[in-house]
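Please see the structure below; I have some questions.
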């Protein structure tokens, strides 16, 4: 079992057939595709994985097929956010049973901004499972619930299960510094589509856990940076930033990434489950132009 | 199969044992308790039913036990809201299989305020199941998504499955009139804890679908009103309004109602699943005083 | 100068002529009307006073005319909320110059939920003016900014200018108790249209600061309660609760109250400034029926 | 009087002295600085101009000093958003009197998402002033109020005063296409810090109206694009995108831009009015590194 997560954990979508059912073959293909790009791990069933749109049985299918395809040496982190503490424990235990290396958990939406309730929630889950828990601090996804620096620091102090943080509370680089000042033991991952990946690393992040359909670019940035080659890391980040930004467009980021994975042969269909925001022809033209200019078309 | 819902559909909580597991015996007792109060039907797995905090398997347990206890002549409406259209269809079909008389569906949270996406969602579900669908218009529960009067009217025009509306967009009485002006075929139920029940009826509502731990009071109001005794209905409504308002306190309404059901012997434990907002001693004193004054303590 | 606010501070609307300009004569009439109902004070330029829809010059007009009409013995509290600390100080100083007895201040909307920024804001204003400041804790009016019990307690501890709280964070009675447990020096006023006035008093509130077009009813409840007649206070509260609730309907509460003040002869026109939500004929019928039944029509 | 706005309208901050008072000399310097960068116009008193934190008198000062410094040939657009229609008209008329070339107006926050109320608001203002009105479609700044494509198209059809749109509803490029498909007469400006400027132009935007402390870069992109040099425009956009993104960080974008303007000598102090989010030392290091790499330090 891994104790510590580091580097690039790519968040991947859930592939569907054109009729909307789960595409197991594409799940396997996407997992191999992602692993082969050199990432340190992969995270499934996050917002990008349309976790909210699946039934519990479908969750099991996705977890099982992915972990089978990943094999023992490629860690899979599983999103187990649930509106209830009991449900979050049930999801997390199930993920552990099925072989997850870690779980990622956003605050339950009923908690309002209330550090005591949030702390109880995370501590209850941490005492129920024997896996690293990635605390997800992403206010827009949970109705604006804010996690204070003090809360984050105290969670990591309370349990070694709670030292990992996926920090997506804008502006993220400043909050990386604040969290590490409050508790240097926190292992901070960036997110937000990689938009501030360079700066997050500069402020002390240990990696990123984010969706991006060219994971090899995140890997390249991370490896250069962690080996001391800041100039190289910066150069790569700047070069591909137009794409990082483009993929990260609110509401259509999912459809865009599925489209790209499909073009890259990693999934059989770009199908997104309803309701979702579809991309238009002009946006596809934008993407073609962008990929051509960046030399990413083959 | 019933085609048309009318009158008082009481929304009930999901009873748990003190350890948080589902209490089947209390489910049966609560169902009998509610039916015996004279309501026209009962709605489970709404917000008050902590539906979001259950796993899919637990949903099945609750539906099955409730419908068994209800018997064939007491209609059970089941909340089948889901973030995805496919998931909503799966939940709704499952409810139908298990014997639900109707389903209640709030907008999927990713729809934003977008009538076209909402309409596609409801029409897709309506074409997949053969049960009345109660469209729930309750913006605060779904991140502020608003349903226009035109959308509501057009849903009812598009399918006889979509004529029922649970209207909880404040101020509800005015919107009852607007909806009926746009399409008189809509069958509007009030909600909001019964706070505007009298006025909703005055504006043309055909009943209420709401949580309230003294359903016999809602029944009394409704029967008097629908039999033409407006004075009597108003008198009863006024008399019990202090309690209707008290139970309806934001964030603690669930804990209050479970407390009352427990006191009334309908459920074995007032346990609410975490996270939730607990009531304090002063609030219980308030409740005792209120019930005593209203003669509702025995 | 008064040091301490107690009892019923009625929040009043800003009367306009039918053309939308400020109606000075009605301002004077409304002030006399309110004072004559026996309230302890009056609060102008809150949300109900359409403060956001006035220019600064119009604010001055409203403050000046009201305070002139009030005379020296009838305290006027003035809403001086502003998005900036400097602006809030400017508004508050101006109110002080014009004779305000106190100011009421909600959090600046840019503060997010951040106790440190909120504390700086209130302390800066408290050090700039020599008047009681009523801290307004009403999250829905300021984009959901929450004020923690600790923040409220620490403000009151930091300055005698900051001991007054208008508490409108639902459920209010419980928070009254929590605030007083944290710092018994806080002087808590209820709000929320009086919906929980009885319970707020039971939990230790010293009064209410709220809009309600029959202020004499709030006065009656308060006087009975504070003189030890809890039964009488409860009876009056229960009797008029149908109206308290009716006036408090979201989005139309302003139009309803202006309509009632107009009927009572306190203002010449029920005009509300755009944009606002108008009441419909059915709602006016509801109101007529309600006032008739409560014996409030003459 | 200009009838039509085109190209780059840079939105500028309001410079303050270190004591928080308005710095007239810096206002003049900043205006000259911006004009000399070749922009087509300048927009003051937007969100970036801390308009909400000014008193009405201070607004007049800022407008007057800016327009004086601009001279007759450099058009100044003035933000005149107000929570009330009357207030918006008063602000807009005052801006016209003081020499504004256009006004920029976001929806009043009380309008909810309600096309009819929004349309009345804009039409009322359009009939009251004789200046181009830039309709600002930026949901996060107005509590999430959405403007439908139909509303935008119908405003432009209803009045030539209402053909200009500042579109900041993510994802903006797609909405540019949708708006132009509904009414080709709309003149769409991008915003959002320039994050999607290239794509907005590709989808048919006629310019951008946004904050960015290196306006000459926006001008370079726009001129190249509008002269048919798409490759050159893209190259410049890509080169400076790291900075465009960095300046655009939520909540600190204002402090960052004031810091940069101060470094560039355009304003005497980077002072922001409270409450605001300050930048930390690490973020300033990030900025230094970024500007050095982009060759923007002298």
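Each chain gets a letter, A, B, C and D, in the order it is written, and its residues are counted from 1.
One rule holds in what follows: contacts are C-beta pairs under 8 Å (C-beta built on N, C-alpha and C of every residue); 3 or more make two chains touch, one makes a residue touch a chain.
Bear in mind that the values here come from a model prediction, so they are computed numbers and not experimental data.
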{"item": "Centroid-based (C-alpha) most distant chain relative to chain B", "value": "D"}
{"item": "Rotation, 0 to 180 degrees and nearest 5, that superposes chain A on copy chain D via CA atoms", "value": "180"}
{"item": "Same-residue or different-residue interface between chain B and chain C, half as cut-off", "value": "same"}
{"item": "Identified repeat of the C-D interface (over half of residue pairs identical), from A-B, A-D or B-D", "value": "A-B"}
{"item": "Chain B-chain C separation of Cα centroids, rounded to whole Å", "value": "33"}
{"item": "Centre-to-centre distance between chain C and chain A (centres being mean Cα positions), rounded to whole Å", "value": "46"}
{"item": "Whole-Å separation of chain centres (CA-atom averages), chain A against chain B", "value": "36"}
{"item": "Chain D: positions in contact with at least two other chains", "value": "112, 251"}
{"item": "Touch-based graph of the chains, sorted into line, ring, star, complete or other", "value": "complete"}
{"item": "Touching residues (chain side chain D, partner chain C) in the complex", "value": "20, 50, 52-57, 82-87, 90-91, 108-112, 117-118, 120-121, 124, 143, 251, 273-276"}
{"item": "List of chain B residues in touch with chain D within their complex", "value": "112-113, 144, 146"}
{"item": "Chain C residues within the chain B interface of the complex", "value": "170-171, 173-174, 177-178, 195-196, 199, 202-203, 234, 237-238, 241-242, 245-246, 249-252, 277, 279-280, 282-283, 285-286, 289, 293"}
